[in-house]
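Labels A, B, C and D are assigned to the chains in the order they are written; within every chain, residues are numbered from 1.
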Amino acid sequence: MSVPKSLAIIAGAGPGTGAAIARAFASKGFAVALLARTASNLATLESEISQSGGTAASFPTDLTQPRALQETFKSIQAKFPESQLKVAVFNLNTRWTVKPFLELQEEEFNGVVQGQIGSAFRFSQLALKDLKKEGGTLIFTGATAATRGSAKFAALATASFAVRALSQSLAREFQPQGVHVAHAIIDGIIDTERAQAITGSSVSAATGERLDPSEIAKAFVYLHEQAPSAWTHELDLRPSKGKW
Amino acid sequence: MSVPKSLAIIAGAGPGTGAAIARAFASKGFAVALLARTASNLATLESEISQSGGTAASFPTDLTQPRALQETFKSIQAKFPESQLKVAVFNLNTRWTVKPFLELQEEEFNGVVQGQIGSAFRFSQLALKDLKKEGGTLIFTGATAATRGSAKFAALATASFAVRALSQSLAREFQPQGVHVAHAIIDGIIDTERAQAITGSSVSAATGERLDPSEIAKAFVYLHEQAPSAWTHELDLRPSKGKW
Amino acid sequence: MSVPKSLAIIAGAGPGTGAAIARAFASKGFAVALLARTASNLATLESEISQSGGTAASFPTDLTQPRALQETFKSIQAKFPESQLKVAVFNLNTRWTVKPFLELQEEEFNGVVQGQIGSAFRFSQLALKDLKKEGGTLIFTGATAATRGSAKFAALATASFAVRALSQSLAREFQPQGVHVAHAIIDGIIDTERAQAITGSSVSAATGERLDPSEIAKAFVYLHEQAPSAWTHELDLRPSKGKW
Amino acid sequence: MSVPKSLAIIAGAGPGTGAAIARAFASKGFAVALLARTASNLATLESEISQSGGTAASFPTDLTQPRALQETFKSIQAKFPESQLKVAVFNLNTRWTVKPFLELQEEEFNGVVQGQIGSAFRFSQLALKDLKKEGGTLIFTGATAATRGSAKFAALATASFAVRALSQSLAREFQPQGVHVAHAIIDGIIDTERAQAITGSSVSAATGERLDPSEIAKAFVYLHEQAPSAWTHELDLRPSKGKW
C-alpha cells in the first residue's frame, strides 16, 4: 500500500476527541501522526486505524515540554518523508480543577496556562512552516471557557482565552497566505468513556445530551474541506439539549 | 418521478446566495420552495433545478408584507402535500445605502429594519410550527453588520443585530425540542453577477478574494447535516484573503 | 432664578431609573425635560425636582408614536429657548412578557421591538441635530438582553440587540464630530418600588443584591463628564452579588 | 501628617498611565505604593506626589519575577502598617513588537505572555487576600488586543485575552465577596512623552486624538467609587476621534 500524500498531525490524540479526529482524517486518506503523552493509548489507536486500512504512526511526547515538539516534527518527517502536511490539529487536554482562586498554587495555574499556551505557540510555528508550502488547515480545539471567565475557572479560562487569541491572530496573518486557521468552541460534556464511567452510560450522545467525539471530528474534517472562498474561522459545537 | 419527502423553504431565493442554497438542497433530494419577489427570477431558477432532475416550485411573494407569508405557506403545503418541512432558510436581502445617519429618512430605515425583523419573525413562527413536528433546521443568513455597528451603517446594523438576537433566542428555545437553529455570518463580498458587473469579473471567487455563493450554500447543507450531538449555532464565512 | 444654560432630555423618565437620571442631572444644574407617558408621574417628579431647587418640565408623550416626538422637541425648545441640549438619554421601558415564541402575537412582538427601535431612531435623530452644535452626550439604557438572546426572550433580545447596534453605529459616526454616544448594559434587577412590592422590600440595594436607580444615574452623569480624550462607549452595571 | 488609612498599590507605575493613576489616588487621600522596574522614575513620581501633599512610597521591583512580588507586598506592609489595602491596579507594560508570527522567538513571546499572565496571577492573589478583608477594588488595564487578535500581534493578543479572562473569572468569584474587579479596555494611543517624541507633540490629547493618561486615571478612580449596587466590570476608553 502506498503512503498517503497528505499528512495530518493530531497534537493531543488521546482517547475521546483527539482519537476521533485522528480516525476521521485517516478515513479520508490522510497519513495521521498521533501525538500524546501515553504511548499505550497511541499504540491502540494506531493499530485500530491500521486495521481499518488507514495509515497512522504514534509519536509519544509531552507537548508541554519546550524541546520535545521540534524533535517530534523531525521524527514525523522521517516517518512520512513523501507526505505533505495539510492538516494540523491542536487538541491538548490539560487536567485542571474547579478551585477557589486563592487556593490555586502557581505551579498548578502555570501547568494549565503555560502548558496550553506554550505548546500552542510551538505547535503553531512548526505546523505553519509546513502548512504554508501548499496550503492547509490549522485547527484549535477550544471550549466555552474561551469566551467566558467563570468563577473558580481562572486557569482554564486564562488558557482558553489565550489560545483563542492566538488562533485569531494567526487566522488574520496566515489565511491570506493560504492556511485556513480555525477555532472550534466545544460547549458541553463530551461523551467519552470517562464521562460515561462518572455519570453512568445510560445517557447517550445520540439523544443530544452530550457531544459525540466522532461528530466533533466530522466538523474538523468539514473545516478542512471548505473552499478558500468561504472559510470559517470560528464555530461552536454543542449538544442539542445543552444549556448555554 | 416521486415527490421528495423532505421539503426546504428558501425565503429569499433571488440570484446569488439564495439561488445557490436552493440548488444545493435540491441536489440533496429536497423539494425546494422558492420565495422571492421577482417571479421571473424564480421561474428561471425553478426551471434550472427541474432540468437538473430536482424538484422546485416558485412562490413569488414580498416577504416584508405581513399577510403574504401565511398565504405562501398554505400554497407550499398545497403544492407539496406529502413533503415534510425539514429545512427553512431566511435569506432576505434588503436594499440599503451607506448614508450619514441624519440623512436617513424614517421610511428608509424602517424599510430595512422592520422589513428584516418583521419577515424574520413571521417566517420563524410559520417554519418552526412545521419544523417541530419531526425536527429540522432553521438557518438565518447574517452579515458582519450583525456583530459590529459601523458608521453610516445604522439601518443594516440594527436589522442584522436584531436578526442575530432572534436566532439566538430561538436556538436556546427550540434546539432542546429538536430544531437546529443557526446563524451564518457572511463576512465579505459575495461573487454575484452584480458584483462582477460593478467590479469587473477578473477577480474570481476561486482565488479567495470573494465569497462564492455555492460555497456558502455548502455550509448551509453542512449545518443541516450535523448530528444533534454537535450542533453549530453560529459560524462565520469569509474569503481567505478577506480583511477582518 | 435663571434658567440653566444646559439642557438634558430624559426620554423615559418614569419612576425608577428614568426619574433617578433626571434627578441626577437636575442636581448638576441642568434644565431637565421629562418625557414619559404618564403625566401624573411626571408632575410628581417635576415638583420634587423643583422643590430641591432644580429646573424641570414635564412633556407627557408616547415615545413610540411616530409624530409625537418631533412635537415634543418643539415644545421643549419653546419651554427652554435659552438652553442648549447637552445630554440626551434614551431610557424607554417597554412592557414585555417571558413567553414561548410560538405564543407571541405579532402585535405584541412589534409593540416591543418596533416600539423600541422606532423611538430610538427618532429620538437619536432629533437629539443628534442639537447635540452636534456644541457637543454633548447621547446615552442609551441597555440590558443583558442586548448581548444574549435567551429562550422565551425573543422580543426583548431583538429590541435590545437592535438598540445596541444603533448606539454603536452612532458612536462611530458622531464621536469624531463631538457627540459622545454611550450604551449602558444594566444587568440585574433594579430596586424600584415595583420590584420591592413583588419581592418584599427586605432586600435592599445597599447589600449589592439589586441595582439602585440613583447609582445607575451616577454612571450616566459620569459618562457625560468624561473628557473627549477618554470616552467610554459601553459599560456594564450590576449589583455586586449579581449572577452573570 | 498622619498616614492615610487607605492604601492603593499601583503595579506598573511607570511614566504615563501608571503614574497618572498613582497621582489620582494620592490626590484622593490614599497612601500609594508605587511598583515598577526603574527606581529613578519611581523616585521622581514619589517626590512629586509628596510635594503635592500626598503620601507615596517607591518599591522598585520586576513584577515578572516569581518571587519578587511577595517580598514587595511585605515591604509595603512594613512601610504602611496602619493602612488597609483598598485599591490594587495591575497596569504592567510589556515591551512587544509587531512581528510576523514565524519570526517570533519563543523567548520573546514568553516574555510578553508569561510576563503578563504570571505577574497578573501573583499580583491578584496577593492583592485579593488583603482586599477581601474590608472590600476594595482590583483593576486591570487592558487593551484593544484583549478583544481582537490581529495579524502580527500574536504575543500582545494572547497576553491581553488571558488577562481579560483572569479578570472576568475573578469578578465572578470575588464580587459577591465584596471585591470589585474591573477591566478597562484602553483603545487608542496614549499621549505619553514617548508618543509625543515619536509623533511630534503638535497633536494634543485635548482634541480627542489621543488618550490623556490623567483622564484614564479618573476612570479608575470612578470605578473604585462606584457603590456595590452598580458595579462596572468592563468599560472601554478611547479618544473621541479614535477609529474603532
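Convention: a residue touches a chain if its C-beta (ideal position, glycine included) is under 8 Å from a C-beta of that chain, and two chains touch if they have at least 3 such contacts.
Everything quoted here is computed from the prediction, not taken from an experiment.
Peer 1: According to the touch definition, list the chains common to the neighbour sets of chain C and chain D.
Peer 2: A chain counts here if it touches both chain C and chain D, and no chain qualifies.
Peer 1: Calculate how many whole Å lie between the centre of chain B and the centre of chain C, each centre taken as the average of the chain's C-alpha atoms.
Peer 2: 35
Peer 1: Please work out the Cα centroid separation of chain A and chain B, and write it as a whole number of Å.
Peer 2: Inter-chain centre distance comes to 32 Å.
Peer 1: With chain centres defined as C-alpha means, what is the inter-centre distance between chain B and chain D in Å?
Peer 2: 47
Peer 1: Name the residues of chain B that each touch 2 or more other chains.
Peer 2: Residues 172.
Peer 1: What is the shape of the graph in which nodes denote protein chains and edges denote touching chain pairs (line, ring, star, complete, other)?
Peer 2: If you draw each chain as a dot and join those that touch, you get a single closed ring.
Peer 1: Within their complex, state which residues of chain C touch chain B.
Peer 2: Going by the criterion above, the answer is residues 66, 100-102, 104, 106, 109-110, 113-114, 117-118, 121-122, 124-125, 128-129, 145, 148-154, 157-162, 164-174.
Peer 1: For chain D, which residues count as touching chain C in their complex?
Peer 2: It is residues 172, 175-176, 178, 180, 191, 205-208, 210-212, 215-216, 218-219, 222, 226-242, 244 of chain D that touch chain C.
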